[in-house]
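Same chain, two partners: subunit A is paired with subunit B first, then with subunit C.
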Partner chain A sequence: MFSIQNNQHDSSYLSLVSNVGPFNEFIDEYDPNEAFNTLSNARVLVIGAGGLGCEILKDLALTGFKKIDIIDADTIEVSNLNRQFLFRSGDVGRPKAEVAAEFVKRKSMGKNLSIVSHYCRIQDKPQSFYKQFDVVICGLDSVEARRWINATLVSLVDSNLNGLIPMIDGGTEGFRGQSRVILPTVTSCYECTLDMITPKTTYPVCTIANTPRLPEHCVEWASVLEWPRRFPGKKFDPDLSEHLDWMYETAHRRAIHFKIDGVTKELTLGVVKNIIPAIASTNAIIAASCCNEAFKYVTSSNPILNNYMMYSGDYSIFTYTYSHARKPNCPVCGNHPKTIKVPGSWDLRDFIEHIKEKHDISIGTPSLATATKQLYFRSPPSLEEFTRKNLGRKLSELLDDNEEVIVSDPKLPISLRLLVKLE
Partner chain B sequence: MSFDKKLKYDRQLRLWANTGQTSLEGSHICLVNATAVGSEILKNLILPGIGEYTIIDDKRVTEEDIFGNFFLDEDDLGNSISSSLAKQLNELNTDVKGYAVSTELSELLRGPAEFWDKFNTIVITNQVASHDLDALLDLLWERRIPVFLVRTAGFYGTLQLFAKEVNVVETHDPAMFHDLRIINPWNELQEYSDSMDIDTLDDEMHAHIPYVIILIKTLEKWKKENGGKIPLEYSKRSEFKRLVESMSRNLEMEDNFKEAAKATHRALQFSQFPPLINDLFQKVDSQEISMDSNVPIFWIYVKALKQFVEKYNELPLPGSLPDMTSTSFAYVTLTKLYGEKARDDERKFKDEVIHVLKASGNSEADVNHNSIHSFCKNIHFLYATTGSRKLYNNSMISAIMKESNSLECSTLFIYFTVMCYFSFADSLQSFPNPGDLEKFKAFFRNMFSLPSSKPLPEGLIKIFKEVIAHSSQSYHNISSFMGGVTSQEILKVSTAQYTPLDNLYVFDGVHSISEKWKI
Partner chain C sequence: MLKIRQLQKKKQDEDASLQSNAKDDKIAVSNNSTSAARVSAAQLRLQKDLTELDLPKSIKVNFTNPSNIFNFVLSIVPQEGFYKMGLFKFTVEINENFPIDPPKIRCMQKIYHPNIDLDGNICLNILREDWSPVLNLNSVIIGLNFLFLEPNPNDPLNKEAANVLAKNKNVFASNVKVAMRGGSVDGERYDRVI
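The block that comes next holds the complex of A and B.
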């Protein structure tokens, strides 16, 4: 018979752990005491203390998790307050991870809850930091950060599946979102699904320069063409009001010139920051789904999501749950190189531009090598200078047909293998 | 709207704009039962700035209430639960007013029915005595106040919307349709098209003719060659598309001709009358809608639209234009042409609205320019449906009792089991324990009048076992999930934008799947 050793008789999840249900996958082996133990000892890392992160922290604290770390390099802004409910207007400017951790700890007094906050970028932490966790839950808005943590977690797994840490990933946009469970090297990973991400809207340069028609074209003109011309070498910062005002006024003048309506400050900000609409409700749905999976995984009380759930609330309610297949040629978790066909007459520069734009590769600052030679390296400067001359050379001179090229990027712990077929 | 508000609400204004925000801020929502899921619903509505909320619950805070609820803590023990919850929730947003009513629901139901009229939406959570639930649903159904009933049990959640009818104008339909009037251009558009002699243009200008003009000119050519006929069938439209392409000087270089070819099928198909409009016209003339002073404004507009169509033999032009390759000048000229025609149609439509308002005993003062504008803009994307007052119907019962699905895990099983779970607690004063399976089965049979001769499907019994084993009404992940789902639906109803649930939603957190049903 099961007896609760914990003093906290939290009835909100007690029965979920203490009684075995008919869908439990290990009915004969299930041990409630052990499940409680794992739940209160599991080390969970929450990445991101924004809209999703605030919800995740609350959900974990209320479902029996006791050892939580949270990491985020951002500080609180006014536009966060419509959904990031652990922050008040007096907190603006303070680190999100710290304020979120303090708030939830204060709320959970007497629950023996530890929340450690890390005010830094995920890339600043060594592999050994990530190794201590049993589950990682991501509430991020950046593709790059997800790719980084995904590749890091995949690299921790050995051939006997030792070191496997599940990555539970949530994402939202407006009334829509998705949650997924990634078991690194077992299920499809984040990189396997890179081609599912909607690319950012871009406008042809000739439209922006010569034939603007939409207010967005005017903003793009101001930010892509006019800013670098007027302030060479100076980085545009949308959070500085004098920068944003200049951008808005410049775009507005162009709009008046071409008799285009609709350039407002909000639109300008939306275009230059690539702002994604966000509400508390959707964050609540997706965070709860992620934490439900974490709870089921840690307690073994019920099966976990295999492996992707989409939620859409703009036209009635629609969800779609399915198992996304691994990609054998995934640069992170796959074993096979990806094949790419290009004309041999291209020079290396054309080739680099091509792979930068290719949606399922999306490597922003690639360095390239073959098994025997360096094709182009961005750093250190001496190597860059040495390999720069290759940029103008034809692929047919540099490569054999079907030769493998290894693409890497200092921003990502990934090296992508491309099998290049020359046409 | 103040600068501070604009900044604070920036991420949501991009979804529903100032009009939606104004509606939201004018809404008063009522929560029945201060549960964990109820707290989460309110949190998600207070943050984006709903106008007011009221919590109805006469109970005192117990330890049970604190577990799984982020907005109650030990200091609240023994105090009024509705006041304690309102106190903590009010901290989330100083723009919002919150009230607590510590009166028993049944007492409120015995009081004046006008009490409920101040609410725009009511949400009932978890356990309510069956007779109170029925009385409340009847009362609100008659008063046309939409009600959401949301329940959480273990890993499961259910949500139902009771609304006599739901009509949406600003659906934000993702189908990027534009009414371009290629088949029947109005005079000004025709004149503009005629003013362009495309054969004499230099290559640069030729590659910047807006595709609207390309399609109009190609159609003229087609009609000349085909005895005045319009290419309506699919095969004819494909042929037409090839004609468009053949008019390009160099298809590789001319993006505008590529765009024209791509837009062919939609542009030609779209000039036909959308079927939903015909359905609405039929309905507005039927007995279902009584055109009196209580009729929703939506039906006034539909009736006015019908008169507009009878008079002018076309719909008002929405006036929106997609982006297309063009010189800035030609595009701005087109935007102006479409805009002017749309404004003109809107004026004519408004005259019809005034006519209908008067004829139905309403005041002309009820004319709202913004809502007329929005109706005209969204004429191709209107949404209308009728709801149900019932908790279930007989076809749902026969569906769950069908032997063929005996091993399937249907979400309908979950819906009925959760409904029964709360009735069980209402009747027997406690939720079922793992030892109560047989008792629960008998209760279920009795509740839905099922003959004892027919065995209950195995799949259904499995759901019974799951709910009984994992009996909890406040497992936070499900409370928060259903709180998020319900608040999304309330936001849609309150902003009068996007399309709400019609009308039953079931979430299975064991398998992370969900389904919806229409009762």
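The block that comes next holds the complex of A and C.
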């Protein structure tokens, strides 16, 4: 019997966990009380407090999640106010994560809701930070950040699938979007599907140099060709207004010269920052889908998305769900690090022989490196020469205990990853 | 979160059935690492690309700081064509978003070439609009080498050079010779590369 006394706030979704529905996958083990407790105690990390992140945070709070963390390194800008509805003009300049957390908490009084905000880059947090969560939901607009969190979550899983934290990833572009559930090392990961990413729109250098026709060509001319010519070695920062002003004025002059209309400050910013058009309604659809997946996963009330849903609303409406296959040679999830125990007194050459024997790398010598050091590179010749001296050095001099070593060889479809324990 | 338990159980059963025919294996599968630095996806891919480089002797890759494989200098000595025996150097910069972002390549010298401007910008489709993660470092370097074997007057970055190439190959060839020795062409002085 489902016996929890609930307040009004929770009533809307309770029947979803209190009854065992026809699609429940775990009829024998499912316990409504446990499902409710898990929902109240599950720790969810929301990455990104932008358009999608604000929606996700609101949806989570309204569907019974009580322990939420949100992380974002951005501060609020005036241009965010139109669709990032948790922010008001008085918040401009403050950290997005902090303001979003305060707003949702204030709106949901009496619900024992804890929202902890983190105003930093995701890369600034250690692995131990990510280990605390039961599920991670991403509302990011950056490929780089997604790749990073994906690789981090993959690295937390061991061979018995302990440490597995699902990554629910949402993304939108205009009227289109997608949501997906990644079970690291079990389903396809973000890196497995890298080839599907639409690359940033770029134009041939010769076109922007000689025959500009579009306002974008003028902005690219200013940023790709003129900026390095005028300020060699200086990095362009689109968040600095004097940099952006220079870019806009330079692009604008170019546009006048070639009689091209449409170079505005907004367009300039859009091109240099590669801003993808976003609308609140698509964000709402995708955020809702992500949060429903989190709810179903945490409560075990219904099967979760397997594993990719695309939504297309630009021409009629079309959604399509399919199971994206894992890429066997995915550099991130295709080769999970293996622990190898070897004597620290071995030199690198002994170690290489040992690996070659173990992994049938019969011809030549593979390349080996750690995150910070090239141990041995078989090619190009200049690196081979530089790293050759390491072949005779002891492992204990070259490696820290438990350091990850990457082994690459043309014979191997993917690089091997070894965690080397020194004895 | 019963899903995880279900997956773990399934994994155990699979492992158990594998166990019977597994040979003795010193390589145990890991618990997660505690080591601080983790190898990034970009580094994994770059290491693979470098290991698989298959270049003729006339193309060399040199590292100013060999402990940083993300930045290096490429030198090309064309074996035939207008630029035969010149020594052309390029900086190659790879960022943490590789292979989503292409390698950034610039010519270090001021050279007379229809597809390379006086600042070292290069017009090569696979370095920009036609780049794809499916391409690798080798294909980019071979593509760059090809620009010296077959300069293309249709994608000009140095318009004067492109016009001369389109109109009169003999004049173009002699202009290239002058420029490669460090001389001036149309009032512009070029770097000596020979």
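What we mean here is this: the second predicted complex is superposed on the first by the 329 of 423 C-alpha atoms of A that agree within 3 Å, B and C clash if a C-alpha of one lies under 4 Å from a C-alpha of the other, contacts with A are read in each partner's own complex, and residues count from 1 in each chain.
Keep this in mind: a residue touches a chain if its C-beta (ideal position, glycine included) is under 8 Å from a C-beta of that chain, and two chains touch if they have at least 3 such contacts.
Worth saying up front: this structure is predicted, and the values here are computed from it rather than measured.
Asks: Considering only the touch criterion stated at the top, classify A:S241 as touching first (subunit B), second (subunit C), both, or neither.
Replies: Touch partners of A:S241: none, neither subunit B nor subunit C.
Asks: Kindly classify A:T282 by the partners it touches after superposition: subunit B alone (first), subunit C alone (second), both, or neither?
Replies: In the superposed model, A:T282 contacts subunit B only, not subunit C.
Asks: A:V20 contacts which: subunit B (first), subunit C (second), both, neither?
Replies: So A:V20 only meets subunit B here.
Asks: If you stack the two complexes on chain A, which partner ends up touching A:G270: first (subunit B), second (subunit C), both, or neither?
Replies: After superposition on chain A, A:G270 lies in contact with subunit B alone.
Asks: May I ask you to decide whether A:G163 touches subunit B, subunit C, both, or neither, giving the answer as first, second, both or neither?
Replies: A:G163 contacts subunit C only, not subunit B.
Asks: So, A:V298: does it touch subunit B (first), subunit C (second), both, or neither?
Replies: second
Asks: Just subunit B (first), just subunit C (second), both, or neither: which does A:A369 touch?
Replies: second
Asks: Who does A:S382 touch here: subunit B (first), subunit C (second), both, or neither?
Replies: Once the two structures are laid over each other on A, A:S382 reaches subunit C alone.
Asks: Return the residues of subunit A at which the contacts from subunit B and from subunit C coincide.
Replies: In the superposed arrangement, which is not itself an observed complex, subunit A uses no residue for both subunit B and subunit C.
Asks: Enumerate the contact residues on subunit C facing subunit A in the complex.
Replies: Answer in residue numbers: 1-8, 11-12, 15, 26-35, 37-41, 43-45, 47-48, 50-53, 55, 60-63, 66-67, 69, 96-97, 99-100, 115, 117, 119, 121-123, 125, 128-129, 131-134, 155-157, 159.
Asks: Can you tell me which positions in subunit A touch subunit B when the two form their complex?
Replies: 10-16, 19-23, 55, 58-59, 62-63, 78-79, 81-83, 85, 88, 107, 110, 174-175, 179, 207, 211-214, 258-261, 266, 269-270, 275-289, 291-293, 295, 301-303, 305, 309, 313-319, 321
Asks: Taking the complex as given, what residues does subunit B use to touch subunit A?
Replies: That would be residues 4, 6-15, 36, 40, 43-44, 47-49, 63-64, 67-70, 73-74, 91-93, 154-155, 171-174, 208, 323-328, 331-332, 335, 434, 462, 465-466, 469-472, 474-481, 483-485, 487-489, 491-492, 498-502, 505, 509-514, 516 of subunit B.
Asks: Please give the residue numbers of subunit A that touch subunit C in the complex, ascending.
Replies: Within the complex, subunit A contacts subunit C at residues 25-26, 29-30, 38, 42, 127, 134, 143-144, 147-148, 151-152, 155-164, 183, 186, 191, 194-195, 197, 199, 202-206, 209-210, 224-225, 228-229, 297-298, 300, 304, 331-332, 336-341, 358, 366-367, 369-374, 377-383, 386-387, 400, 402-404, 406, 408-410, 414-415, 417-419.
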